[in-house]
Every structure is written in structure tokens, then in C-alpha cells.
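Worksheet: the structure to be examined is printed underneath.
As written, the chain order gives the labels A, B, C and D, with residue 1 at the start of each chain.
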Amino acid sequence: MSSGTGLWGGRFAEAPNEVFLRFQESLSVDARMWREDLAGSMAWARALADAGVITDEEAGRLQEALEAIGGELEGDEARIARSEAEDVHSFVEAALVAKVGALGKKLHTGRSRNDQVATDLKLHLRGLVHRMDEAARDLQLALVELADRTADLPLPGYTHLQRAQPITAGHHALAYVEMLARDRSRLADAEERMDTCPLGSGALAGTAFPIDREALAEDLGFGGGATRNSLDAVSDRDHALELTFVASTVMLHLSRLAEDWIFLASQEAGLIELSDAVCTGSSLMPQKKNPDALELVRGRAGRVFGNLQALLVLQKGTPLAYNRDFQEDKRLLFDALDSAIDCLVVTALVVRGVQHRKAACRRAAAASYQNATDVADLLVAAGVPFRDAHERAGLAVRRALELGVELEAMPAAELEKHLPELGSDLSEQLSVDAVLARRDAIGGTAPGRVRDEAAQWRAALHDETQDPLE
Amino acid sequence: MSSGTGLWGGRFAEAPNEVFLRFQESLSVDARMWREDLAGSMAWARALADAGVITDEEAGRLQEALEAIGGELEGDEARIARSEAEDVHSFVEAALVAKVGALGKKLHTGRSRNDQVATDLKLHLRGLVHRMDEAARDLQLALVELADRTADLPLPGYTHLQRAQPITAGHHALAYVEMLARDRSRLADAEERMDTCPLGSGALAGTAFPIDREALAEDLGFGGGATRNSLDAVSDRDHALELTFVASTVMLHLSRLAEDWIFLASQEAGLIELSDAVCTGSSLMPQKKNPDALELVRGRAGRVFGNLQALLVLQKGTPLAYNRDFQEDKRLLFDALDSAIDCLVVTALVVRGVQHRKAACRRAAAASYQNATDVADLLVAAGVPFRDAHERAGLAVRRALELGVELEAMPAAELEKHLPELGSDLSEQLSVDAVLARRDAIGGTAPGRVRDEAAQWRAALHDETQDPLE
Amino acid sequence: MSSGTGLWGGRFAEAPNEVFLRFQESLSVDARMWREDLAGSMAWARALADAGVITDEEAGRLQEALEAIGGELEGDEARIARSEAEDVHSFVEAALVAKVGALGKKLHTGRSRNDQVATDLKLHLRGLVHRMDEAARDLQLALVELADRTADLPLPGYTHLQRAQPITAGHHALAYVEMLARDRSRLADAEERMDTCPLGSGALAGTAFPIDREALAEDLGFGGGATRNSLDAVSDRDHALELTFVASTVMLHLSRLAEDWIFLASQEAGLIELSDAVCTGSSLMPQKKNPDALELVRGRAGRVFGNLQALLVLQKGTPLAYNRDFQEDKRLLFDALDSAIDCLVVTALVVRGVQHRKAACRRAAAASYQNATDVADLLVAAGVPFRDAHERAGLAVRRALELGVELEAMPAAELEKHLPELGSDLSEQLSVDAVLARRDAIGGTAPGRVRDEAAQWRAALHDETQDPLE
Amino acid sequence: MSSGTGLWGGRFAEAPNEVFLRFQESLSVDARMWREDLAGSMAWARALADAGVITDEEAGRLQEALEAIGGELEGDEARIARSEAEDVHSFVEAALVAKVGALGKKLHTGRSRNDQVATDLKLHLRGLVHRMDEAARDLQLALVELADRTADLPLPGYTHLQRAQPITAGHHALAYVEMLARDRSRLADAEERMDTCPLGSGALAGTAFPIDREALAEDLGFGGGATRNSLDAVSDRDHALELTFVASTVMLHLSRLAEDWIFLASQEAGLIELSDAVCTGSSLMPQKKNPDALELVRGRAGRVFGNLQALLVLQKGTPLAYNRDFQEDKRLLFDALDSAIDCLVVTALVVRGVQHRKAACRRAAAASYQNATDVADLLVAAGVPFRDAHERAGLAVRRALELGVELEAMPAAELEKHLPELGSDLSEQLSVDAVLARRDAIGGTAPGRVRDEAAQWRAALHDETQDPLE
């Protein structure tokens, strides 16, 4: 008589402690992988039949039963969580035995939970990767649309949160499109790298049955074939790390957009207005309209970074192959990917609802000596070595600050004194439009350049085939 | 007509987006603070009455209604989560208005959600701190009992996972008692430091009503009185950080115990046997008995460290005072404290169920030249400067390794050649019991010393008053 | 013949690999502990003599030689780094042997590098703790002086970076004084907790010589006496963690101050002017004046958080007692403490050099409906339940927004329509001074309250005895 | 007269504070990029000439001077650190002006330190990436050689640090080859993704001179052309993050190898002997031989993870474009990459020096019921459904445990009772060689399979062209 639980009890004399049983449960986290557990089990049944371990008829009955279980769960997924099963894998096996009796007990032949879990997880991640990529692409689209609308709207450009040089709002929007493009590229690389099938690796040493693992990998849609080392295959969580890292760079980029826009929406800047739909008010202060969506996104970055760190820590210094420490991985990984997807979606909402205060933007872009670099550049064109031109433009700014005017508004006598090479009327040469137009090299902020870039992005994003990762 | 939600709608023209509303909900995390929200609200009602803002009769009706709400929730806590409320605070206010009508709308006078949340959280943490301390104390007790039972059981002592010098199993157990004592001391300090009342700080600038904040703090049991700066009071999350840090050192210590015992329970060491009740088997390998409880504890350390990191990150670089980023704090903090408490409880289970394989322990402690330091010490006693004694003992070990015997088992001729000062029979001087007994200074591993320490700990732990943090 | 290095070679047949030797060196990090290594060694010599292991005369000669070494190093500390020693401890021992010959080889009797390093580190940390506390106190003083100067200067108060309610600049400064007070309190707790002496714990199992460890602890100034468990004493790095955690909360607070002030110094806010002495310019843009000091402080926070994480990770899951993994601890710990000290000093420079643009501050504090809460409060005073008052104040703000005026500037007809209870002239009741003055409860922003708090802080900081941690 | 420092002083009235100047220096970190700063500057000179901003003759003189500076520095790199320059870029500019006078002041035309630093860093990372890849490949080679030598040496295979199923030592070695292959694949992806040229992006808005940025990118060897958005180009640090992430997974894998081998080298396991050349002894315990190299590698993992965290944190929530916070990035990034490279090199030393204790390995692989899975598999072959076979094998293990013998050594009567289907002599079927040979599917541990894999790896690694990332 065994006292252990269903899957591993024969050797045990004493039943698990109740507190420990609750502590070690994983069903609340892994229940969401039920579709993949069914798919993996069906493929395994076929592979066992191909290897002659069970008959084709048995494989057929197993697959039918697994499909039936799938059909029932589609309607009532919540019953997994309500069950007493240890995890989703034992839930499925129990349901199978309930349907087909002793035959159900044959399915686990040559398979272990270690390779089963590793396979289910990789299959489940496919869907999450696809959703994250779609959400990132949609945010890119929203930003490109915004760039189109604001390709020639001047905006102050900042470094160190100090006004530096005017840019266009469209240029600013496209910077985030670039970041998301790198994120999506990382995601595609990660997906390709993880596209190998661990099923058939057994617990750690390989399976003792003549399974055709390449056929099995193909059956489950793994483009990279079967994994090549069973010890590695069951203990590899690199894909969890890599996808959580991608989620982290996504969150980093979104946190920067959030910071920028929270600033632009402050009363001090007053350059954009966020939609009421993504803000909340105050329970005490009646006038408040707070950029909550952006703040929550920014704060969520910390949680995702923490998940990445936790995933690194839990594997650090663990011996080969599987250790139970790894159970934590799914909770952390799923939370990171769900978070990134949610934040991408919410940020797209914010982007689609934003309104720029155009007059204020133009006014701000024309202020605070943001054309001082152009003064130096004009001096260079007049033959002054740049380093001297920079020094003299700096002195001109100091004088203009004393006078309380912009550079182009300095009295002619002052201009003559400080910048004799440039003539007495700088209003056109130093206008915000002239300053913008001058930056027309690749990557520059000139409106024409921005419009071109936006057009290229729009075309590229629309051209993407249905599965943009392929 | 307002389109916002209940608490802050007047200023808003457009309703919140549904996706955003789901994204920003906090009820699933903060529902557990309902008792504290009621307690804080009752105290606030009294304070408003004392300040003459509402009448005593009104305060009485509010308190009665709040108590009634509490009574109803005791029976059916789950209805909070089922509600459509934004958070637990609006849930309570809605329930109050449902009971007492317009009077309920007076309760929030002079209070904001910022000081309300800050207060509820501090109150709720009291209970968690108490439970963590109790769990740590119970694990200390379990370890002290083990130390008592094994005060003279020799065990190899390791540095670098190489056998170094024999210790006693009891000495090893008491090392963890010391670590937990520091954890509890940190916990007590953290509790004392956070024992100030933020209620009455308003949204950020203080309350405009003549609230007696010291009386209010006393009413709510805050020994440190009222907070002294409203901006700081509503944005301070130091206590979340500090308690999560304490949870992190707890987890660090438990992870080291886990590592030690997983090693001692390996077939290679074979020095302890864990109870079946805290182990599991394998779905594939029938003979396996795995130390899952300890592995899960070790893995959980990563999650708690990640939470600490996330809490630091989400606050880093945020402006004063409150920002919505902070909403994440409770999820991270509660998970860290719950995790530490669970792991302390599970580890105590493991400790109470462990069996030492005594003969194997004694055998292992007497092997691998763990008495080589004593050879050097004996040479010192015979007048050899330590550094030379160390060198010569090392050469003796090399020779013994070549001969494949322990030092005390070397042929007399070899002993005479390498260690002439020590005589020809070292068996007694180098016996494991002699080696242990020699280390009798404070903190040493000598059995008598260990028994004394265990006795002192047992007395101290039993002496603790009901609330050991006081 | 041994091929190992000086301290541990007897047992080794092969010399260490050169690459490995470079990889494992620690002298570049631990050289700074030379004073403490000398002090610890002198105390150990006395303890050995008291225990009768060496003679008083020998102890005297050892101490003299150690003092002489100290004298030589005071003039030329850099020679430690230039030596070929493995670490500072072998440097000192070699210097000692060079001075007193064979006698020098007796000093390490009964001591191991494990308890020696643990002791040196604790001694060295005393100095760092003292410096960090002094730097924090000095920053508190700078902030209190600022609070004094700006106790009645209105400033917008923010939540969510949206203007919320007016505060005073002094109130804002004092918020940071509170944070630093908690940091200092944590520091004092950490110092007290680590104040126990590990010397005499041997390598792991205790010393085999009859050392009076309590006398030794007292000799070295450890108020908490000798550590109580040798295994724990040599592997305990809790103090490294705890001090790095304190450095992390310091950095968190400084990062928030940095974020606030970078914002206030932006052209958009224009509320403060930073001193040229802590800013830099641009190599390209002549007009730029960037708040580099504050940005560097904010960025450094990440490095310190990373060090905390690294310290947790490197100990996680390591077996008792000492493991070489721990060598990394000092680098991380020293960098964290040095960073926090430097950032405190630099921030004090920034605070002492700041200028508020007073007119702009007052103007900003009076704008953006920051008195809307007071409208609700006035309605409450007129008998309207708060929740209704809040709703009506919100509607009034919406109307004022449409009209493009502040609430108090709405036409009388509008006031009559929206806020009939409040009369037709709100200019005085809603003035920024009236709003500030109303928040006079403890912790509130009323100028009188702020002045009182500043005075109390100033007195408390000046009262601190020379060693503020005592 | 300006009081600022060389590059940005015109606008400043007050000189920088000395403490602040020391605090903000970066030369100690960025001096190592001098070669890349020279290369970038030469390319910029050519681009300025191509754009007609300077003459070809001027460009020629600038390039000559820059080359001369390079020649001088090759001999005496240390003079950079000894200089008073703010950073390596101003060091180079000053040296240039010293050589060619006013002409040197023209070089910075249209360039800012922001795009200059971004470019230098990417160029410098190329070399580090190459070295990391080489070090990883060399470790792969060392592991493949070990796998060759030990392809049929049995070793216990572990899950949960409990003996699970026998594997071969070669199989174990190849698991790490797989991990390193993924690391190298990530490294190659990261290198390709970062292969775009930021030079010509100006400070943030693009350059105002007609630079042919594609030609410039090609000149500097950037295969991916010019960056497409100047704001992104100067503030993008994704490559720093991504390379530090790759360093983190490298360290994670090395930490697992370290943990495994430290365990295998313990006296308890006694399965491998590490080379003296990578171990150290004890200053106190003469017999100790400690696996320091592996412990230091394992501990270093924490430092690298901390650097990754710090890099994420310092960028989180920073506004576009450049902020001075980013100055920290190089220190963290360089330390992570240097650490990973050093640890790869040291681990290869360890791998090349290891000796397996063959008899002990074989003995350990044949013990502890590691063939129990095969009993279940044999029952399956005899027609028993797997789940029942597993249960019965478990009961057989329990009985064998009671008897204190391995399964194949149970008395015939017991075998007949528990496993009647399998006959009375299991010694051959359950021999360790039979168990190993059975696992011959792809990825399995069968010696033939391991030899084949090792051969494929050896061929692949030797086939790599000189630059394995191409």
C-alpha cells in the first residue's frame, strides 16, 4: 500500500504533510497550459505507437479521449483549478484514466514530467510570444500614425531634461518605434532559439524506447528539431530568461515613454493633453486629472525587472539536472510576459488618445536658446573653428540671458558685437523652422525626413505577413 | 453630469476605458486590508467628531455602521472581490453610504486615499510582522530542540564544501538559530521604526481640519505618534522596503540551510534522512525521494529578492509625493512576507522530521584529515611556531594521502619522521572526541559548550512574552 | 618542498596557475583594511599572551613590530598594492616576519583567515558607518537651513506630477530630512547589531586555545561581546547586506530629491536655479546648463541596488561555513557605502547652492486650481457632505477650465450658480496664503508649522553628540 | 572669460566645485576606449571633408595627427589616466589641438559627445564580443575533449541532487556545450543587432551638416548602416543591456557547472579530482584543498546579475534623450563582460585539469537503485501499463531498501514475488552498461550516442572560421 500521491507513491511509507502539500502546489500557475499538455500528450501517443510501444488502435483511443477532454475544458476551464490535482499534468492523466481506464496508464511510458513540462512550456510560450509581438506592432502603428500627424510640429528636444534643440513631435514618436523594433527583433531571435523539442528526453538521461524524436518534434511544430542533450533539455530555462529579458527591455522603453509624457502633460510643460479615458481623478482634490495609465506602466517596469532577477537567482548555482527550485519559473515568466503585453496594449491606448497643444509646442520649441548650436554652426560656415564658435555662441547666450531675450531678439548692436559675421537680422536663420529643416541627414529631425521615415515604417508594418515573426 | 467613477468623477468629461480600468484595478490585492480600513475609518470618524467637523451622534452612527459592515464581512470576505469596487476603500465607503445614506458621504472629509492607504497598510503589516516573528521563533525552537538532541553528535564541518574540522550536529543547528535571531532583531527594529501614524496628512499637504493627530495616532495604537511631514507621510514606503529586506535575509538564511541539508541528504553524504512527509517522488523513477520542500524554499529566495529589487526600482526617481507607480508595492510586499512566513513554517516541518544517521556522521567526522589543524596545534604546544607547524602538518597530510590512511593511522616510523614531537600514538589525541572537546572557547563546537548554548536559547525563547517584539 | 603559496602550501604538489592567481587576487580591494588588520593582530597577540600561548615579552615584540609597520604604511599606503601579496593579511604577516623573524610565525596560532577577515571587516565598517552618518547629518542640516529660508515660500505641491495643492518650499525640504532620519536610524540599528567580535572563532569550529574571547572583544571595542557560534561567525555577512540596504534606501531618497529638483530646474518649471558649480555644459550646444550632479546621483542609485542584489545572490544557497564566493562581498559593499557617502556629500553641495525663483514659485502655487480642495472644504463647512462637496467643486473646476480662469476669478454669476454657499468674493478665502495657513495640523504645510519643525530639527541636529550613533 | 572647463565653458559664470569634479569624472572608466575614439575621429574628419565642411588637406592633417597620437599612446597608455582630462574624448581633442593648433578645434563640428560616445562604445564592444565568443568556444572545446575521453564512463545522474539514473561523464560535459552554444548564439544576435552607426546624430536632433552617414557607417565597418533616428541613437543603450544579459546567462551556466563540480569534488562524492593549479589551501587547516576557482566563478555570477539589474535601473524612467545617469553604464557593462570572459577562461583551466576517479564513478553509477526506471520499462515491455509498472517498481525498491541490497541483488524469491515477469536473474538487464546503452534516442546518454555528439561538436567547432560570429 502506498501513501504517496498518485504519480510517485510506491516508494513512500508516509503521506505528505498537508501544509507542505499546499506549499508545493503548482496547479494555480500551470493550469493555463492545459491545451499544450493535451497537444503534447497526443503527439506522445502517436510517437509511442510509431515506436511500437503501444498499438495504433490504442494511440487512436488515447487521442480521441484527449480531444474529448479538450472539448470539455473549452467550456469550463475553471474546473482544473477546482480539482485536487497536483498539477495540470496529473489532472490530464487522471481525466484520461477516467475515460479510457488502464489504457490511460500507458501514456506516460518513456516520458517523465521533466520533459513533459519543458515541452508544454515551450508550446505555451509560442502563443505568448505571438501576442507580445502583435501588441508591440500595434503600438508601433499607433506611434507611426502619431508621427504622421505631427511630422512638422515643433517640440522642444531635451537632454538632461534641459531644452537642447528643437525637434518635431513626429521625430520623438519615431524614436520609440525604433526601440520597439529592437524589442521585436529580440523576440524573434528568442523564439527561433527556443524552437527545439525536449519531449523524449526522459527524466534526465534520455528515453529508453525507440522514439523517433525528430518526427515527434516535427509533429509538434518545432522547426529546430529535437534537443540534442537530455540533461540540458530538461533543465534548460534559457528561454524563460530570454523572454523575460525581452519583456524587461520592452518595459524599459515604455517606462521612458511614460516618463516623457507624464512630463509633457504636467501643467509646467503643458504640451500634451492625455485622454480622460486613461486618467483618473482624486478622491480629495476635485481638479486633479492624473496620468495613471502611464504611471502604472512605469511602475510595472520594476516588477518585470524583479522577475528577471528572480529567474536568474533561482537557477544560479543549482546542480544538473532538474531541481524543484525551478517550479517558481512559470509564475515569474508568465507574470513578466502578461505584464509586458498589458502595458503595450495600455500604452497604445494612451498614444491613440493624446492631443498635442500645438501653439504651446511651437512656442516652447522656439524658446530657451535652443538655436544656439545653429549660431555656432553659422559661425563655422563663416570660417570660425567650431570650438571657438561654440565658445562665442555660449558668450552670446550669456549676454542674451542678461538681457532677457532670445538670441535672435538681441539688439543689433549686441549682435554686431558678439556675432559680427552673421549680420544684423537673425530672425529667419534662427527660426525654429529653419533650425529643424537644417537637420536633414539620415536620422535627423527635419520634417521631410520624419515624414519619409514614417512612411517607410507604415509600409513595413503593413507589409508584415500574418505571423510577423516568420 | 460626471462620467468618471464614484470617487473622483466631477471634473471628467469622458469615462475611463474598459481595458484601462481592468489594468489599474487593485482590489484583488488590497481586499485583504478590509479590517484595517474599517478600523482606520472608525478612528477617523471619532477624530472628526472631536474636531467638531461632525457631531458625536453622527460619529456614533458611522462607527456602528462600520462595525456592522465588519460583522457581515467576517462571514463572507469573498464578496469584496466579487464587487465592482475600484479598491477596498471605495468598497467600504459604498457599503457605508448604502447603510447610512448621506451621512456616509461625510466620512472622507479632510482625509484622502493617500493617507488612508498609508495608514491601512501600516496597520495590516502589524499582523504580518507578528506572524513572521512567531514563525521565526518556532523555527528557532525546532532547531534548539535538534541541537539538544545532537549536542555531541560529530559531523564533518565544511568550508568550501571540503571537510575542514569536525563539528557537532548541534553546533550546526545553533548557527541557524543565530541567523534567525538577527532576522528577528531586524524585524523588531523595522516594526518600531514604522510605528507612526500617517492619518491626517491629507493628500500631500496636511489636513485643513483641526484634527488632533496625536490622539488619533494613539487611538490606532501607534506608539510613535503622528508622522511629522505630510509629503513624506503619504509617499514613504520605507517600511515596505525594510520588511521585504528582512524577508530577504530570512530567505537567504533558509536557502543556506536548504543547501546544507539537501547535500547532507544526498546518497553521497548520507548523513541525514528527511521525513517522507516533506519529500516527493518521481512520476518516472520509482526509487526517487526528493527533498522538494527544501528546494522550493531555496528557489523561493529568488522570488523574494526579486520583490525587494522591484520595490526599490518602482520608487527610484519618482517625484514627491504619491505616484500611481506605488500601487505595485502591496502585491510585492505581501508576496515577500507571505513567502517568508510560509518558508519558515515549512522549514520547521523539515527540521522536526529530520533523522541523523548517527554512525555515518561519526564515521565521516573522523575521516579526511579533519584533525590536521590539531596536529599543527599540538606542534605549537611543543614549541614549533605556528606557521612552521602548519607547513609540517601539511606535509604529513600529503604523506598520509600517499599511504591512503588517516594521520593517526600512519605507521610509527612515518609519525616519528614527520611529527617526532608528538610521540608514536596519536589515536587518542587526534580522536574526533578529543578534537571536538578542545574547541571549548565561547562559540566553539565542544559538546558541553553546545549544550550550554542550547539551554540558554531554550530558556530565552520560552521566556519571551506573548508579543516577543515588545 | 611545497609548491603552494606562503600561507597554505604544505599539502600541494603543483603550483597555482598564473591566470588563476590573477583571477583570485583580492589585494586591490582589501588593502584598505590594513589599519584594522594591524589592530586585530595586536589584540590577538595580547590574547595569545593572556592565554599563555606566547609570552608577554613575545606579545610585546609583536605589537611593537606591528605598530612600526603601521607607521611605515601611514606614509606610503600604496606599497601594499605594489606588493605581490595574496591579500592584506598575508602582506602584514610577511612584513611582520621580515621584522621579527620566527616569532612572526607564531601570530597566526589559533586564528584563521576566516575569523581574521570577518573581524577586520567589522572594524573597517565602523569608520564607514561613521562617515555615512556624518554625511547624512550634514545633508539634513543643509536641508533644514533651506527650510528655514523658505518656510513661507509657496510652491506647487504635486501628486502624479500634477499640481495638487500648494505647499511651502520649506515643507518640501523637510520631507527629505525625515527620510534621512529614518536612514540614520537604520544605520544605527545596523551598527549595533554588528557590534560583536568574531575573532577567536577559528576557521569554523572555534579555537582550540583557551582564549578569553570576551576580553578580546572588549579590547577591540566590540560592545556586544564575542559572537556565540563559530560556524555562524565566520560565514555571517548580514552586516554587509544590512549596510548595503541602508545605502540603498539613502540612494532611493536621494534619487527622489534628484528627480524633483531636475524637474523644478527645467525651463518648463523654472522654479529653482542650480549653482553653476554642480552643473556642466554641452560640448555642442552652447546654451546648455545641465544638472549633472543630480543626474549622476540618480543614476548611481541603480549601481547600489545592483550591489545589494549581488550580495544577496552570491550568498544564496551556499553551504556553511565559509566559501570563496564570499570574496566578492567587500568590493560590492565598499562600493555601495562609498557611493552613498559621495552622493550625500554632492547632494549637500547642490542643496547649499540652490536658489528659488520666488516670484515664479508663488505664481505657480496660485495656479491650476490647487485650491479646489479648499472649495470642497468650505462647502463642507457650509453643511454639504464631503462627497457631494467634492463632486460640486469638480464641476466648478470644469466650468472654470472652460472659462480659462482660476476658481476665484470666475464671474460672480458663475460663482453664484456653482457655489452659492460661499459668497461672491472668494479671492481671500482661496488665496494661496489662506490655503497654506489652513493646513496647520501636525505635519501640515502651514508656514508656522514648518518653521517650528525646522527649529526642532535644527536643535536636534546640533544637540547630537560627537558620535551621533551612540 | 569663461570659467567652465574646456569643452562647454562659454555660458558659465562660476567654476565647477572640486568635489563635484572628482565625483563626475569618467576617465578612469572610459580611457580604455582611446583606440576607438581615434578611429571614430579619423572617420569623422573624412566625413567632414566629404561634406565640404573642411578641406581634404585639413582632413589629412587631422588624420595624421590622430594617428600620431595613437602611436604615442600604444607605448604609454597610462598617460591618459595621469592626465587632467574630463574624459577620453577631451583628452584626445586636447592632444590634437596641441599637435595641429586651431585646426584641431574644427574636428568637433557637427558632432556632439553624445553621438561620439555612442559610437566609441559600439566600436569598443566589438573587441569584447569577439573575446567573449573566443573564450566560450575554447571552453566548449575543452568540454568536448573531456566528453571524448569520458564518453563511456558511467556517472550518477541527479535530479534534486538525488541519484536518478546513470549517465555518462561525457553526456554531462556535453550538456554544458549546449548551454554555451546558446550563449554564443545570443552573442551573435546581439552583435548583429547593435551593428548600426550613431555617428552623425548630433546631440539629439541630427547633424546640421550634409554628412553622408551611410558612407560614414561603412567607413567604420558598421554592417547595418546608419541609425535611423537621432533621438534614439544617442540614448539607446539596448546593446549594453543585451550584452550584459548574455554575460549573465554565461555566468548562470558556469555557476551550475561550478556547483556540480564542487559537489563531485567533495569527499562525500569523491568522483573527480581538481588540479592543484586551480585550488588553494587554508592558512589554518593543513589538509585543505579548496575548489576556489569554481567558487569564485559561482560567486561572480551574483556580481554580473547585479550589473544587469543596475543597467536596467539606471535607465528606467529617464526622459529622452541623453541623461548623465547613463555615465554609469560603461563601468557596469565592462565589468560584466570582463567578468564573463575571465570566468570562461578560468573554467576552461579547471576543465582541462580535471581527473575523474573512474572506479568510484562506475561504482556510484551502479548504486542507489538508479536502474529502477528500467525495471518499470521492462515491466512495460512485458505488458504492464506504465503507471502500474511504476508503482510496482517503487514497491520493489522499498523492499530492496529494507533488505539493504540493490534491486538486481534481491533474492530470487523476492524477485519472483515482486517482479515475476522479469525472470530470476536481472544482473545483466539491470547492469549500468545495459541501462546506459538503452538510452540511445537522440539526446540520450548511451555511450555511442555521446561519442557521436562529441564528434559532431568537435568538427563544428574546428570548422568555425576565424571570426566565428560572421
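By definition in this document, a contact is a pair of C-beta atoms (placed from the backbone, for glycine too) under 8 Å apart; a residue touches a chain by one contact, two chains touch by 3 or more.
In this text, all values refer to a predicted model and were calculated from it rather than measured experimentally.
Undergrad: Looking at B-D and A-D, which one has the bigger number of contacting C-beta pairs?
TA: More C-beta contacts join the chains of A-D.
Undergrad: With chain centres defined as C-alpha means, what is the inter-centre distance between chain B and chain D in Å?
TA: The mean C-alpha positions of chain B and chain D differ by 34 Å.
Undergrad: Distance between chain A and chain D based on Cα centroids, please, to the nearest Å.
TA: Using C-alpha averages as centres, the distance is 23 Å.
Undergrad: Mind pulling the residue numbers of chain A that touch at least two other chains?
TA: 8-13, 108, 114, 159-161, 164-165, 202-203, 263, 281-292, 295, 298, 301-302, 305, 308-309, 312-313, 315-318, 323-324, 373, 390-391, 393-394, 397
Undergrad: What pattern do the touching chains form: line, ring, star, complete or other?
TA: Topology of the interface graph: complete, with all chain pairs in contact.
Undergrad: Report the residues of chain C in contact with chain D in the complex, numbered from low to high.
TA: Touch residues, chain C against chain D: 3-5, 7-17, 19-20, 23-24, 89, 108, 111-114, 202-203, 275-293, 295-296, 298-303, 305-314, 316, 323-328, 331-332, 342, 345-346, 349.
Undergrad: Touching chain D in the complex: which residues of chain B?
TA: Checking each residue of chain B against chain D gives 156, 159-165, 262-263, 265-270, 281-292, 295, 309, 312-313, 316-318, 364, 367-370, 372-373, 375-376, 390-391, 393-394, 396-397.
Undergrad: Please give the residue numbers of chain D that touch chain A in the complex, ascending.
TA: 2, 8-13, 53, 93, 97, 102-110, 114, 157-161, 164-167, 171-172, 174-179, 182, 185-186, 189, 193, 200-211, 213-214, 226-236, 238, 241-242, 245, 248-249, 252, 255-256, 258-260, 263, 298, 301-302, 305, 308-309, 312-313, 315-324, 373-374, 377, 380, 385-388, 390-395, 397-398, 438-446, 449, 453
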